[in-house]
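You will see two complexes here that share chain A, one where it goes with chain B and one where it goes with chain C.
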Partner chain A sequence: MNLAQSQQANRRVAHIVIYVFLFVCALLVIAPFVWMVSISFDRMANIQVPFPPSFIPDLFSIFNYELVFENGRIFRAYLNSGLVTFGSVILQVSAALLGGYAFSKGRFKGKKLLFLVVLATMMVPIEARLIPLYSMFNRVGLLDTFWPVILPSILYGLGVFLTKQFFDQIPDSLREAASIDGASEFRTFFQVYAPLAGPITATLIILSFMGNWNEFVWPLVVLNSEQLQTIPLFLASFSLENGTALAGMTMALATISVVPIIIVFVCLQRYIIQSIALSGLKE
Partner chain B sequence: MKRLSTLVAACSLVMLTSCAPQTETENAPSENADLTVAMIGDFKMQDTTDPITGQKATGFHAAKAEFERLHPGVTIEFIMMPWSNYVANTQAMIAGSQADVYQMPGVNDFAAQGLVEPLEPFIEEDDDFDLGVYNDNLVEGWKVFGPDDDTPQIYSLPVLGDGRFIQYDKLLFEQWGVEPLSDYPTVEEVIDKAKQMTGENPVTGEQNYGIYFPGTNDTALTLANLMEGFGGEWGTGQRWEDIELHFDSPEMKQALEAMVELADYMPKSFINGQGNERWLTPSNNIAIGINQGNGNLKTIYAQSLQDRFPIVQNFKNENGVGGMFSGSPLAIGKTSKNKDLAWEFIKFSASEYFQRFLWEEWGSTPVIKQATEWESIQEMELMEPVIEAMSNAVTPRYPWASSQPRYILQAKTEGALTGTMSVEQALEEAQRESMEWIGGR
Partner chain C sequence: MKAKMGESVQLQTRRNKAAKSTLTWYLFLLPTLLGIACFILYPVFESFRLSFYRSNGTIETWIGLGNYQRVLGSSAFWNAVYNTFYIAFFQLLLAIPAGFVLASMINRIKRFQSMFKVLFFLPNVTSIVAAAMIFMFVLQPEVGLINHFLDLLGLPTSPWLSDPSTSKAGVILLAVWHWLGFVIIICLANLQAISPELYEAAEIDGASSLQQWLFITIPNMAGTFAFLFIMGWISGLQRFQEVFVLGGPGGSPSRSMQTVVALIYERGFGGFEFGIASAITVLLFLIILAFTVLNLKLTRLKL
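Up next is the complex of A and B:
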């Protein structure tokens, strides 16, 4: 075996090791998800959580799904989550695009300081904002409605940051050309830059959708009525009340609750790759 | 593009209308209701399927219809709240006068605050009502002190029964060649048999554990029951100002030492509430479960294992009494505007209709004597010792069972079981800290 062949063999072994390692990692990541689905199809799981853990249901059945869909409460929860998520995504993404454009292309006093303030909002967890936000919405009489869940979404530091980075990659010359043609700042944004922002918009939609669909703490505080429960609150009403006692039913509900996220991700994932690729452009 | 805009506009419109404040919810009482009843548990207004047995359960709409049929012109609403955080929820509901009748396991504290109505005047004035309908010990068990009482009074009447008991796996006993537990076992008997059945099963060869109790939640109550088995008492008094705890008594020390010994015969993870994953299943590997509850029955019958897991009584003192009295009673809120109608509901709750409804549709243990004659009770043999357990629990209920002393005792017991403190130190600290808490109320 000559040197070249030896190096090629070494590379092949290294590749195999890497692939085996990645495969094991992938299995570890996906195992809880598979187990969740397995338990959801196990008729006996409401009596006892399968022990030791098994990926094959003791008694395969769609009983748990029938329970979850019984009385149609889950459809109401789905509708509620859909409304809250739709409203929040529209607000968040719009605000992030406008904010990102302003910080990227705008020229105004205190821009850097203001941008730092926007970034700082990413460091304040919801737990720290809980009481002031609650007091504010209580004062205006909007508790136990969807407004307190949707409106705070407008503050989206990460979105503004990502959008600014994206717009920084797009040449200023486009804006200058539009300006020479007599376009206003809004028109420049909507007709020139916004159409180019598809990938970052898709990325923001995915991130925002996942964040808002799974939001738990804040909706738990402001939504008291059972009819206003979103999917995470509906799920928690099963799992908190019953612990692991009704594992089959809880896992069926958990499986159903992640379906929209998977659909959104599958539909929009190629835009994420595009946005990463575009971020490599130079003026 | 136009289509997309229309779709977005339509979605936005739906969203805006849905964001408006809700005027009525499933769980909120209607303002027009003449009577509102707050219940705790998995009860639902609509028909539903039991997730364990798979049987259809008729929702509370049936009970509503029956009560309204018996009282023409009356509208009754039910509020269903979960068990999690039920004490705080009840407190908030009473403060907001949201219901007339409350399911109230913590009636002790609420009566002491003067938040519930004494029921004896209603009982005395009502010729149609007889306390004798209830199972023995239940009325006595829920007697508590109001703010001005010298002796315990009736502020609530039982609606859901509950019993604590010891259960064992008959198959494992047979495989090990050990005599079944006696109907009223002593602590020594249980320890001895648990010890015998810990190790490699002589028939199957798998690891067996002699006994189980979870190291979380109810450990303090398990300890109290063991202490009663040694002839001790938790203390004296019912009103906070009169209560004298005996958490550091010799019997309590004996009980905690027994628990520490039993830890050797249990799965190591019992302290985290784990290790009993196979308990009450065909692959069970634990011989005895102490301080068990009613919820086990549904699981056992759903798997047709009723012949394998017999029930015997909790540890009793020399008077044949032992174990925490539990279950739920109904009480009338002091702020109720319709107390006479609320009393009518409490009477309704003791009727054969409502007790059968709770038992046959929702699996709640009945509290009336007549229940023993029902076919649905008689065909479940395990119900007999459960009903018996309700009649020989300690009454009145431990007044500290839903308050801080329980959690102090719990923490110290866990300390002793994990070896971070000695038995003596754990109990002395539990006694001192609990009495300090009572003194500071």
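Up next is the complex of A and C:
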């Protein structure tokens, strides 16, 4: 065996080691999900957590799901999450497209400073604003409605940033042509640039959807009625009430709540991963 | 003379046009500007103002630095700061190197790349509330998944969340599990951006794969590590959801996992001590601001 051959053999062994290692790690990462599904389909799981842990239910049944759906609150929570997410996504995406376009193509006073301010807003977490925002919505009588959850979405710093980056890559010659034809800035935006913005719009919808669907802290503060609970709030309250009792129902709920996001993610994962990597400021 | 007048009229209309176009652009920005004014500027200033008052939301009394004195003198605050930093520190210490090693491996293989990406990234898209719910069972001392595994491997088990001395370790495990995929994705994106010529040159010089990884890959990833480090700190300092699900606003057992945000929530919406909660908010905000400045310096964000 000569040197080149032995090197090749070494490389092959290294590759196999890498595959095995990655595979084991991936199994460890998804084990909690598999276990969750298994418990959710185990008939006895509300009396005791199946032990030793197994990844296949001992007594397969959809009993736990029947219990969850009988309760009915899950439907309401789904509807609430849907409404809040829909409203927030619409606001976020339209505001981001308009804003990003202005920062990319506009020539106006204070542009640079304003853009810096928009970027800086990304660093001010909702936690640092909870109390004044709560008092503000309290004063105008909007607490315990969906408005305080939806309205703040109008500011979407990351979206504005990504949209600006996107429009920067589209040449200005289109604008010049449109302006020679006498089109206003708004017409130019809606008829020339917006139709080209499909990819970035899709990215923003995905990111905004996931963010709003999973949002917890702010809705927890402003939504007090049980019938207004979104999915994460409902899960948290169920979990706080029951602890590790009712394992079967808890895991069925968790499974139901995770399924839509996993479907969306698996279907769109290429774009999601791309946009996350991009928004992660690739050097 | 006539020519001069014509010039000045032209200048005038040009100026009007510029003003009109500025106005148009501000209309484009109207939603964003409204958002900044109502949901950032106002609340930040209001937090600052409230932190000097004793307030329950309706009655306000000026007490100057009294809230800060009480907060900085209370053990609950320092306990929350300690917990927050402790959990964030170990989350970063474990997740960044592990994520980088896994990303390097995924980057080297040809087949199943996207499958591994999806599998590792899955926890990150799951809501942290659902993840915490699952981990309540995964970390359960008697029948939980992790202790059972440890037992099978002959390793010592842990009481995890049911004991104040180990509960933070449980939260760290959950945090690493949830964040690992994000680290991997960011690392992968930047690994692929390193110029292949660097590796070709090293190959010609006879450098082994390990040497290439040590002396080319790692130095080229310095910016990425800084980015992840700061991002991780900023989100780690805001930790609340998982400790709220696992231990309520008090972070039980015995406040061992109460974070700063949980303390704000407890004071503000449990006890309606808005002044105290605002003072804690301002302190948290200052810490985050310091890290953000560092962030901009280190990653040299391009505008």
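The working rule: the second predicted complex is superposed on the first by the 229 of 283 C-alpha atoms of A that agree within 3 Å, B and C clash if a C-alpha of one lies under 4 Å from a C-alpha of the other, contacts with A are read in each partner's own complex, and residues count from 1 in each chain.
What we mean here is this: a residue touches a chain if its C-beta (ideal position, glycine included) is under 8 Å from a C-beta of that chain, and two chains touch if they have at least 3 such contacts.
As the structure is a prediction and not an experimental result, all values here were calculated from the model.
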item	value
First (chain B), second (chain C), both or neither touched by A:132	second
Partner chain(s) touched by A:213 [first = chain B, second = chain C, both, neither]	second
Touched partner set for A:141, first chain B, second chain C, both or neither	first
Touching partner for A:51 - first (chain B), second (chain C), both, neither	both
Which superposed partner A:95 touches (first chain B, second chain C, both, neither)	second
Dominant contact partner of chain A by residue count, chain C or chain B	C
Overlap of the chain B and chain C footprints on chain A, listed as residue numbers	48-49, 51, 240
In the complex, chain C residues that touch chain A	21-22, 24-36, 38-40, 42-44, 46-47, 50, 57, 102, 105-106, 108-109, 112, 114, 116-123, 125-130, 132-138, 140, 142-145, 148, 177, 180-182, 185-186, 188-190, 193, 209, 223-224, 227, 231, 234, 238, 240-241, 244-245, 248, 261, 264-265, 268-269, 274, 277-278, 281, 284-285, 288-289, 292, 295, 299, 301, 303
Complex contacts: residues of chain A adjacent to chain C	14-15, 18-19, 21-22, 25-26, 29-33, 35-36, 39, 48-53, 91, 94-96, 98-99, 101-103, 106-109, 111-112, 114-121, 123-125, 127-136, 138, 151-152, 154-156, 160, 184-186, 189, 210, 213-214, 216-217, 220-221, 231-232, 235-236, 239-240, 243-244, 247, 250-251, 253-254, 257-258, 261-262, 265-266, 269-270, 272-273, 276-278, 280-283
Footprint of chain B on chain A - complex, ascending	46-49, 51, 63-64, 66-67, 70-71, 79-80, 83, 86-87, 90, 141-142, 144-147, 150, 225-228, 237, 240-241, 246, 248-249
Complex contact set, residues of chain B against chain A	11-12, 14-15, 18-22, 25-28, 42, 44, 46-49, 51-52, 54, 82-84, 277-278, 280-281, 299, 302-303
